[in-house]
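Labels A, B, C, D, E and F are assigned to the chains in the order they are written; within every chain, residues are numbered from 1.
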């Protein structure tokens, strides 16, 4: 009943007018981003490789004994416009992730193995919400609040961390913000009530000046 | 009381500082789109023609006995940033629009003439919501769900179809997705439970390979 | 220099006026949702337990030899308003996830172990984008498109699956939409071009009527 | 190969956990709306009738010789959360729609029959963009700008009008805002530069006081 | 315990991968805007000057005896993507801001000094909501509605005006829209019910033609 | 030509069908908020008072020698759904606003009088962007970043502060988050590298325990 030659005509007629059907918008990361994300890479140059990120593996531990492998939009342009990003996080026994914030992202910790103690501090009542997590646990750390994590267990802990709200989440590490730059020491003292000696000591550790 | 020469000064002074008042953002479809749409055409080159689409007419019926004339952002750049698009739809007696989905748009059928049977299938309980529509009826088909339409009446049916949620809605026709490409036949069988002979037959009809 | 009694006054004065600082909005899932999500649970009843989901574990395999454990807003109210959700996915050797769509969510597969072949079909050119994934891979399957997965490897495959765009993603399984309900068989035939015998057979398998 | 009793188990297991899959959110218009729309009607009470509006027909002409039949969320709760609404518009020969604005909606005029002259005025350069439309034409009138329409043709004109940006668009009719209320006449004069006699006359016509 | 040379390695390793952390998106106002705003200026060229606007001062009164100094995105690119803008507003005794609308912005008047009478007209019941404000008052004028202001006090009034919803709010002044352009006088009469003599007179005042 | 009795019919017919035109959505702050804000107060109970906030005045200085008067949605329900809020800020000579963040809001400082030194620290390069502001200056402090302010001038400084992005912005004061609660001291040490004596001292000052 359906004649093949008619079909061909149909196929052509239905695919031709849909020039710009936007199934996806892979980031063209060489162009300037906008508040809504990067311009889209031309669909004609997109292949399956654009949808796959292949380096989501454990990194080398840093001096805090954890590693962090980002899959943000700059590493994985398929996240463009999706409003989330991911990272692989591994932390050795005794490792600590110092207090920090993500200005524009809620953190979702999805445990893979080991035991991780994570906590955040609310802004209104300064309550510390803290929990020791293991495989099978997910924890949500609300956007923009100070939080930390540490491995108080007896084996390496690993997690997939999702950042909801940003394809390129910022990370503001408290110590680096206070002591790892040229923030004037007298001003640090005034705005934190820390003692000058304490500031001097940590400026030394974190290579700050001022 | 109001002196004209003062007025002139006022007119100049009020129009000059408003360099970029954005009453509209006509798509510059030659530039790369972003997740929020195309960059805006320069306002100084915009005329009334940019706000009018003149080809919203019945098209030629395809082999399914319906025609579809899109007014998407690529045809009508005034839709840029508005989050909707439109199409003119006409279907002959006996015509059928096979099962398909629009990934990013809720379909709103606004009947003009004739009688059209339209239906969609929900995802949770697989309920078929189906209705025969006539002039004076509007039907909403929720975003992303499989749906169909057919003319079981005795005269041509016509409708204005609005796509809410996208300026360039995608259309995924089930038969073309399964049989009109190089989708490996064994894989089609495995992921649909269709019999190999059925797949082979329809691959023949829809010009698929694999 | 800072007197403690003054401090106390300060603490009271700064915490008192911030009655409704919204650090988070845990879903009150007993209330009716709105298009933007559930109303917020009263902050005074929120504890750390509200931020932790403890059942993100492998489920029992179904007849397709895979299991799927959702952490959607109904299971994990902390996802309310975040625009994403998660699931634990495990698939035995030979298991297949039949073709399906998520109307309102982009799927992000984050491999944990084993080997998984996943693919999706674009709407414009009906291209099959397919890839065999292993640990260390992430794959993005764009919103609303038909996709599938299968374990063609030699061991169980496991993944964390993130749904970007919805706290309660819909799942429309093609076979259930066609054959697992009371969708009129003649209508299925007309809108899919499948043979009546094929439809009858699969209606039998999937317990459909009509 | 697939045993029916296993299937049944599967069907139950896949449908049970998806308690709140949100394919749609029909407005519960008896509850208070939020900035994102009305709460959703309970899915268990939704039928196909909720997706169909049956009164999209020509209304009775008013004294301006046009009729306007709204399908806004209060009349058609299926539009909840979609960000658009519709109306049927019919205008007799010589009819005029006086200058008005829609605060929160871009108007899209889709001509059905006859000839309609429509125009809007930009805010920066006060340019009048005006066009006489006929069947097959669509015109976009940007959000919030003063606009008008009139039938200068020789037969009744009809159109489907879509409001993009609002499920319940506001309509501010210039004459009613100035003359159809208790707006103090001296204040009207001061803020419009209209002559007192003109104001008095139109206050009389439009039943205003003050 | 923390060795400085290790720290240095850490600092480098944490800063290097974050190529595009988006703390801010200062407008590159020489590029074409998109519906979501201007592309971002390259972060490497951003200095503290980009975050400071230095000309938020009283302007020269116009013939209506008020001045208006905009800090919109074109003047202050730091507002890009924030969805608000600001202006400094000063009005002499007896000054009047004629009726006007902002299509895409809710106006928030924050009084600094003097006394200002402001009012807006609702669209549904044509109610005039009017209030005389003084220092310590904030008033919200909803998006897109006709509103006015005047100084009926005994000293200059000043306010900071915030526009919520737009980085470049439009201003449609009723008199200029009707009389300050080439809007055909017969058409003005038809669509406003103003008398031809009134139109002619104000066309003269506002330098309109037609 | 226009007969008054016809007009009356028109007025009734145009106002009657617009039952729910949403010109505004004043918060009903006694109901539970949603992720998009509070439900709307019934329009029939709204008066001009709902649009005016009358307490935007200088408060009593706290021990840091500044005062802060919020006009957030809980104080001023007219901000519901607008995505911004305001506060009046006054700081005595020598006053300091200690380091803090707003999780969900960009701060816009609009100077009224005096001289204020404000600064923020970026997350990627830990750069301190700092500037001394005076009347006529606006400064933008991006969302979620640590920032401070102090009055190093010779007179009181005053500013209007707008929070873009939230109707109820959170305020996380660093010292209170670290020392003004029961955050375990050993954990504070581990996650900040501060010395135990320093922590003990400031726990004493800020009334913390643990």
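Please note the rule applied: a residue touches a chain if its C-beta (ideal position, glycine included) is under 8 Å from a C-beta of that chain, and two chains touch if they have at least 3 such contacts.
Protein names from UniProt, one per chain: A, B, C, D, E, F = Germin-like protein.
This structure is a prediction, so every number in the text was calculated from the model and none was measured.
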item: For subunit E, the least number of touch steps when starting out from subunit C; value: 2
item: Mutual neighbours - chains that touch subunit E and subunit F alike; value: A, D
item: Shared interface partners, meaning chains that touch subunit B and subunit D; value: C, E
item: Selected from B-C, B-D or A-E, interface repeating E-F by over half of its contact pairs; value: B-D
item: Equivalent interface positions on subunit A and subunit E, same or different at half; value: different
item: Pair joined by the larger number of C-beta contacts - D-F, A-C; value: A-C
item: Distance between chain centroids, defined by C-alpha means - subunit C, subunit F (Å); value: 35
item: Mean-CA-position distance for subunit F and subunit A (Å); value: 26
item: Whole-Å separation of chain centres (CA-atom averages), subunit B against subunit F; value: 42
item: Shared-contact residues (touching 2 or more other chains) in subunit B; value: 2, 18, 21, 23, 31, 34-36, 103-104, 123-125, 142, 145, 170-171, 176, 180, 193, 205
item: Category of the chain touch graph - line, ring, star, complete, other; value: other
item: All touching chain pairs, where touch follows the definition stated at the start; value: A-B, A-C, A-E, A-F, B-C, B-D, B-E, C-D, C-F, D-E, D-F, E-F
item: Subunit A partner contacts - residues on subunit E that touch it in the complex; value: 2-4, 6-11, 13-14, 17-23, 25, 28, 31, 34-40, 42, 80-81
item: Subunit D residues within the subunit F interface of the complex; value: 29, 31-36, 62-64, 70, 72-75, 103-104, 166, 168-171, 173, 176, 180, 204-207
item: Subunit E-facing residues of subunit D, complex; value: 96-99, 101-104, 119, 121, 123-128, 142-146, 148, 150, 170-172, 174-178, 180-184, 187, 190-195, 198, 201-202, 205
item: Residues on subunit A engaged by subunit C in the complex (per definition of touch); value: 2, 15, 18, 21, 23-24, 43, 47-48, 51-57, 71, 76, 78-79, 82-84, 86, 106, 108, 110-112, 122-125, 129-131, 133, 135-142, 145, 160, 162, 164-165, 193
